[in-house]
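Just so it is clear, A, B, C and D label the chains in written order, and each chain counts residues from 1 on its own.
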Amino acid sequence: MQLVGFPVVAGIVLLAFVANAKKSAHEKLNNPIRMASFAFSLGLFAYTTAMFFDAFADITTSGLAFNDYKFQDSYEWFPALGIHWTVGLDALSFPMVWLTTFLLPVTIIATWHEKNGATYFPTLLLMGGALIGVFVSLDLFMFYVFWELTLIPMFFLILNWGGKDRKYASQKFFIYTFTASVVMLLGLVTLYLMQPEQIGAGGKYGTMTGRTFDIPTLVEHATAANQNGWFLGESMQKVLFVMLMLGFLVKLPAVPFHTWLPDAHVQAPTGGSMLLAGVMLKMGAYGMFRLPLSMFPHALQHFQLALMIFGMVSLVWGAIVCLGQTNLKKMVAYSSVSHMGVILIGIATMQPMGWAAALFMMFAHGIISPMLFAVCGAFKHHYHSMEIGAMRGMAKHSPWLATSMMFAWMASLGLPLLAGFVAELMMFIALWYFIDLQGWSVLWMVGPALVLALTAAYYLWSMQRTIFEGGDETQPPASLNGDVVPDITNEEKMAMLILAAFTILFGVMPWIGLDMMDDYCRTFFEHMISNGIFKGGA
Amino acid sequence: MIDPALVSGLSALMFVIGLGGAFTRKNAIIVLMCIELMLNAANMQFAAAAVYHGDTTGWVYTIFAIAIAASEVAIGLAIFLAMYGQHDTISLDDVAVLKN
Amino acid sequence: MAGSTLSEIATPEITELAPLIVLLPMIAFAVILFLGRVFNGNPTWKNTVKEGGIIALGVMGAVLVLSLLLIADFIGSVQAGHDSVFHWFTSGVWDGTSAGVSTDKFGFGLYVDHITVMLLFVAAFLCLLINVFSIGYMNTDPINDNRNHRFYAEFTLFCSGMLGMVLADSFLWLFIFWEIMGLCSYLLIGFYYERPSAAYAAKKAFLTTRVGDVFLMIGLVMLWDLFGSLDYTVVFDSANIEHVAEHSAGTLQWALGLMFIGAVGKSAQFPLHVWLPDAMEGPTPVSALIHAATMVNAGLYLVARMFPFFGAEALHGDLADLAYIIAVVGGITAVMAAAIAFVQMDLKKVLAYSTMSQLAYIFTGLGCALYLANTLDWHHNEKDHYIVIVAFGAALFHLFNHAMAKGMLFMASGSVIHEVHHAHHHLHHHDDHGDGHGDDHHDEEFDAQSMENMGGLASKMPITATAMLVGSASIMGLPLIGGFWSKEGIIANAWRVAQDDPRFLLPAMCVLIGAGMTGFYMSRMWLKTFAGKPNNEVAAHVGPTNIWIKTPLFILTFVSLSSVFLAGMGFTHWAPDENYAFMQEKSLVDGIIYEMQHAFANSDAYFFIITYIAIAMGAVAGPGLAMALYGGKLEDGESAKPWMTPVISLNAWVMNRFNFDNSAFAESTLAVALQNRLYIDHYYDMAMVKIVAGLSNKVAQADSDVIDGTIKTIETGSQSLSTAVRSLTTGSARDYILMVAVGMLAIFMLVWGVA
Amino acid sequence: METTQAFSSEFYTALLPELMLFAGLLALIIIPNLGKGTFRIPGTQIRLPWFMGGERYALTSNPHLPAWIATITLTGAFLAVGDSLRGGIDSLLVMSSDADEAKELLMINGFSRVFELIFFGALALASFASMNRLKVEGIGAKLDVEKLYNNRRQADFYILMLTCGLGMSVVALAQDLFVLFIGLELASFSTYVLVAFLKETKAGAEAGMKYFIVGSVASGVGLYGLSMLYLWAGSLQFDVLAATFATSGTEPLPLIGIGFVLVGFGFKVSAAPFHFAAPDAYAGASSPVAGVLATASKAMGMVGLIRMLLIVAAPESSEGSAVWLVCLGALAALTMTWGNLAALGSTNPKRMLAYSSVAHAGYMLAGLTAVGAWTWDPSFAGQEGEAALMVLTALLFHMVVLVAFKLGAFLVLSILESDGDASRLSSLGGLAKREPLLAFGMFIFMISLAGVPPMAGFLSKLMVIMGIVNVGVGTGAESLSDFHWVWWLALLMVLNSAVSVFYYLRVAVVMFFDAPEEGREGPLPSGWQVRTSIFACVLVTILVGIFGDSILEMCRSAAESLTTNW
């Protein structure tokens, strides 16, 4: 299957559209381009969904193991450097790819009436293409290229369609994450050059450098080397682990590297926020799984405590800061920080269940957080304000928005049978199991427990002051200037319904995605254990 | 014959004077002269070295260097003229529209 | 004792239709919500379908039928039936050895045993009745126009949650449905969302129970760690328990203890009780169903579910401390809630505190039963066996009685409030009646829920008054009626345990005193509402209520009255035991006689005395005091039904004979404190505002000042560094030459230094 | 390696591009002078037409002509170089004679060819684009003096372009340090005048003066260094110098001499602290010229540095690593940091680009440092300088692609200059609305400069980093302390890249976010030449970033040809 085509086609489509959009008949172009983008994204979605249901000949997506890829495809790119256009899907990337293609049409629907649609929708597509590229690439170089490429459309989404301070926010977003990723790049390059040189080995190896950027090969290498000591040597593995993690932690983001996120989110347009929170943050976690965790298991064990601390701090700090926010979108943004802490904790438990929890959290949060931001966007769009309490009694005037908001909020606070709960539950189980196994202090449970309550607190507080209260004595926000209070548009309703439906779907039937992730984590650990890399009492 | 070392020493002195003058004097013409001094220091050294090594190429180098110096003066004066036309001064310190 | 053995009682198959019990209401939720959105305002939808009420009714009827079928299968069996319905997900853990990764399955299934059967009946039965009531109550109130579909949708979702929780086959799914109930509770308390007080109450309810849920979740996680599963079939397996007991009995006690905190939150026990009175902001059917009859029982159900741990031989004596804590929490709450109920003027608030207090009774009962199960050698000793069974059965039976009675009481109170409100409208708002103005029953100037606006309603609302009377009697534990059987059992067991363990004197005293207090406040409520003369014009104009409301009251009155038969049928022995299983022991008449003997003519002098003290307090002292203070003769010309006349006459007599001025007490510090709910809510609010909000604001500040501030400092710092660097480019060519010279020198020095 | 003598037939074949340039130069001098001029035979009244001077023909008086001649010449030379590269070039060494003691004059090999490619490519683009930058006031023979004078200057400008190209290619070819220096001076003098070409403005004249003065001092210092080297070695032939250095390289004389020469080239590549005149010169010069300074001229300086440091003071002739290693490393660190910091707050886009070009010089110097360090790990020696080859490839690649996006950026500014002014950041304001495609192009250039994938700038920067890291890591390193310290230069480089994003992105923000300046709302002046050049630059920037493998191979063979003796 020519999976390679996805991001490329998306990009080409964009370029074609941009060329079109140059015409002065800008307004007229909005609709056809919107429809075309929508159709294209829908096609992508249908395609990945079909892949999921094993629609393609001899390839099944079930039973995917660690370092085992489907739909793999490889072309020479820079043979001198051992760079290949290698793509493939495994249980790690497949849910993320599906999520991206799922969110694209939904985002388009949710922001159907965004201004300058002729350029907006193609930018969204390009964003999606770049994101897919990150997830499908099995080549370090390609991975990095797409990793950075995602910055550009997002930069423009924020800059062109963002809020008042978009200028500052877009630059901060770009520079902050770029800074982290260049350090990561240095780590990648060092990793690349520290692998044993095999000039003339052909295959994936560069003719000039004798090294390869090929991730499966590197992982194999690393596993073999890790069996007898540390791949690349103890101190080097640690250094590289830190360098790579730095890039991923900023992207995730983990406290204290998170301050770009609230700025970016608050200023970003709804569509940008949806993709940013839905997929882009997951790039950080995905990268961790794909690279450092797969290649540097010893370092992972060594830095387990540090990861746990990062996770806990993000989790708790994010939640507490949420409670102190009066801006709806900022609150939601910080809740993302908090939820990303769950992912880190899941990883730090070094339990298959914790990892599966992290993976499923990525996935679930990828469905829930777009809904959160869609709600915020609709709120902003209709009430011209982001302040909690600016609009009360929404249940009366805007029952649809109120319902969507409540649903999204409840999903995010981990209500059972909605997607987020499963991940939280597994994280809790894995964390406790781990604490008990390793004899860590019970106090480690305090943070997550506190956050369970705090999360409910800030969400309920914000609902009390937006959905409830008011009512007959309407309190429409001053920013409406006495206009009739509008409910959300049909398109927004549709997007909310879709997101809600999938939130329920994956809450009730998590196995759809979770079985795959479980296989991955299980085989990963079994692989590491059977190779003697993870030893008893680690 | 003069000891090439002495010539070298003299040329070094000339060079230092030239360089020192170049950043201590304000007048563009004087700075140009200082630069000429530096070039001539090199010329002298070339000549001395040619003698020392008994290599004729050194003389060729010297002649070329003199030609370079000459054209440099020509260009320099032309540029100073243009500068004077715009700034009404040839004091290097006063010609500072472009900075930072 | 019949010789029935395990083999004779086959393990029944769970009917394939059983999952529908959970699924049907859930589907109804979506259907009603959807249709309600579509047909909102449509006359057929409104008048015939009752905005979804009829759909809900149909579903609830079907659920009750299915439940009864399921129950019928299980009546008489002692073995739990288990059926796995679907696979949820699989995951694994690595135990740190080279053995590899475990495979842990998480699935959903149905589990039916004696506790399930009890709760299933209670839930399904009350859901149906209260649904009927709702149609009469909600759909006749103009303020609810066009939003009742929301009520019915959330109502059915709640039912689904409750039934699911009862039927679930693991603690995990118990928790999941538990949370769904919490959500519905939140939504329904906030049904009148435009009222700030309702919004506040909804939030408070959710958050307070959430605090408990956090502990519950941790408890579950610990339990999972111990057993590697949360399925009942695994965790209740005696071999597994034995294995766990070997080295981590203490951990198990902690896990169960944390789970108990969840129960405390859900069942509104001290110190997480603050949400329940506020939850009365919801529509009355909600108060009846969720906050009196079903959801608050979830906590009790959870504790009752822990019985196999307490009863396990391997854990003998290990969990006694937890059992004590359960009993003490119950005891304290029983007294505290009853005390607060003394001073409440709001009809529903009295009932709310009463609920709290009665739930506390059940907790005490469960605590005692669990203590007995844990400390007595009941597996081998016949006598001890009996004691444990009866203790556990009493608690569960009280749960049943209380649910029936309190559901009825709330419905009755709703009926009263409804009619008072109508009367008020009738009197004062002839012109704009029905325009839906204002809040539900809380007009600025008129509080339809306040007992100040009632009085003498016995003659005007005979069915309601009767139901209320029977319900109150059941709660008070008037001999032979409803809760009497179970309450006596709880008190007796508490004192029995106190004999073994003096620590239990505290809960034992509490339940004993509580009995008297219950007698007082329940009587006070009834008398203030139904006896005496109407307190004002409104109360004088209250009319009878409609058929939808009357029917469930009527049915439940009989259920409460017939509890003597239930007792005779062995409800007091409601326990997982082949020897004492339902209806296995004796015939009905024998059973009743047996219960009577035990209650009134106990051969053990100790229990004989205790029983009569309890009766004296609950049935004589409490009501007597209330009669002396409240109520009195009805308005001249009004007459109550014959069965209520003696009560009112007695009241009038007592009032005449013993009336005294209680204003000294009413104005005392204690009374003020009670009116302020002992200031507990106040301190909680203070803590939220001062500590949590204060801290979060500080942290948010630190986030932007310190963390983001660092980034901003780097930004500005590099900008000023840039200015500094660029200022070296002075614009003078001389300086440039100087820099060239300096650079040259630097190069010399570096090259020189290396070479 | 083949050898030949000057003016042999192989010599002409191999030097075809330079000869084309020379021919073009002659044409540029002669053609505009063709006219109806007559020559009176002395003593008679007979006037013979000799076609020089006098009233010009319609064609030769056309002021567009010089530009076209220069462009076509440079493009032809560019294509000739490209063509010779395509077939894979054999090295050709031009000797002064066929005698045994003959001296090496020029070397035509992949290395020099790649540099020629850079020089001619940049100059061709610049001269093509300059057609829109240097305004033609009137066409025809009969114009007033003012306009005739202006038309005359058109020819001057392009003549200087060609001499510049000629000088640069000599630098690339020279096998004798003095020949190299002559070429350098030829190119330098041309650039001095080109910078001062806008002499009717204050900034132009001042820029020319500063560039001239500082440049002269630098070349004076360099020449003095040359004389010292000559004094030491008795020859300025690279092979002689290298051989002598290998035996007596640690004496003070050659070290001082090398230090002096370093200053001379340092100015050309605008390494700190010799870069001071550069921002001023860029700001005062017309943008295409500034673009040439930032690309071709810088590459020329790099040739000098590479020859001096890698051939003469070759790393393998010293113990462990080159003597100049620390010095160059410090210079690199200083240069990149200084450049980026200064650019950070600069509000003049041209100065900003100038400082960014300083920063890029720093990156290149860092790469060069790594080449100097490759011998530190003994196990590298067995790999025939593979590590050094990699860095060198990266350096060449970087210089090649730099032409596309650095010059491209200057060309965009050139259009803005034609519109009025490009000396304020706000001049770029609203470019996205005025000219979306130009803004898009500028954005591509900016992110390519910043090193964001998938642009050519990313690939080149990655290559440089990779080269440095490769040397730094060595073989069998187990921890950071096992690394050679040049690895930290790579870290500094990525951190500097991160800093640089700030100011590159600011340009994008201004273009896409800010409103245009007052009175500058409309579209920019037309000019298809400059737009075509920009388009070509955009194309190269993107395509090389994605499909740059062949360019990479080319640079690799070029690097190999330099290091055949390794």
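Here, a residue touches a chain if its C-beta (ideal position, glycine included) is under 8 Å from a C-beta of that chain, and two chains touch if they have at least 3 such contacts.
Bear in mind that the values here come from a model prediction, so they are computed numbers and not experimental data.
The minimal number of chain-to-chain contact steps leading from subunit B to subunit D is 1. Across the structure, the highest number of inter-chain C-beta contacts is found for A-C. Averaging Cα coordinates per chain and for the whole protein, the chain whose average falls nearest the overall one is A. Inter-chain spacing, taken between the CA centroids of subunit C and subunit D, is 81 Å.
Our note on geometry: subunit A versus subunit C, Cα centroid distance of 39 Å, whole angstroms. One finds 44 Å separating the Cα centroids of subunit A and subunit D. Our note on geometry: subunit B versus subunit C, Cα centroid distance of 99 Å, whole angstroms. Across the assembly, subunit B contributes 19, 22, 31, 92, 95-100 as residues in contact with two or more other chains. Of all residues in subunit C, those that touch two or more other chains are 726, 729, 731, 733, 735, 737. Contacts between chains, counted with the stated touch criterion, involve the pairs A-C, A-D, B-C, B-D, C-D.
Per the touch definition, subunit A reaches subunit D in the complex via residues 18, 22, 77-81, 141, 144-149, 151-152, 155-156, 159-160, 166-167, 170-171, 174-175, 178-179, 182-183, 185-186, 189-190, 192-194, 197, 199, 208-209, 232-236, 239. Across the complex, subunit B meets subunit D through its residues 4, 8, 11, 15, 18-19, 22, 28, 31-32, 35, 38-39, 41-43, 45-46, 48-50, 52-53, 55, 57-58, 61, 64-65, 68, 71-72, 75-76, 78-80, 82-83, 85-87, 92, 95-100. Contact residues on subunit D toward subunit A in their complex (touch as defined above): 386, 390, 393, 436-437, 440, 447, 450-454, 458, 462-463, 465-466, 469-470, 473, 475, 477-481, 487, 490-491, 494-495, 497-498, 501-502, 505-506, 508-509, 512-513, 548-549, 552-553, 556.
Residues 87-98, 100-101, 103-104, 172, 175-177, 179-180, 183, 186-187, 190, 193-196, 198-200, 202-203, 206-207, 210-211, 213-215, 217-218, 221-222, 224-225, 437, 692-693, 695-701, 703-704, 707-708, 710-711 of subunit C are the ones that touch subunit A when the two sit in their complex.
By the touch rule above, subunit C contacts subunit D in their complex via residues 718-719, 721-723, 725-726, 728-729, 731, 733, 735-737, 739-740, 742-744, 746-748, 750-755.
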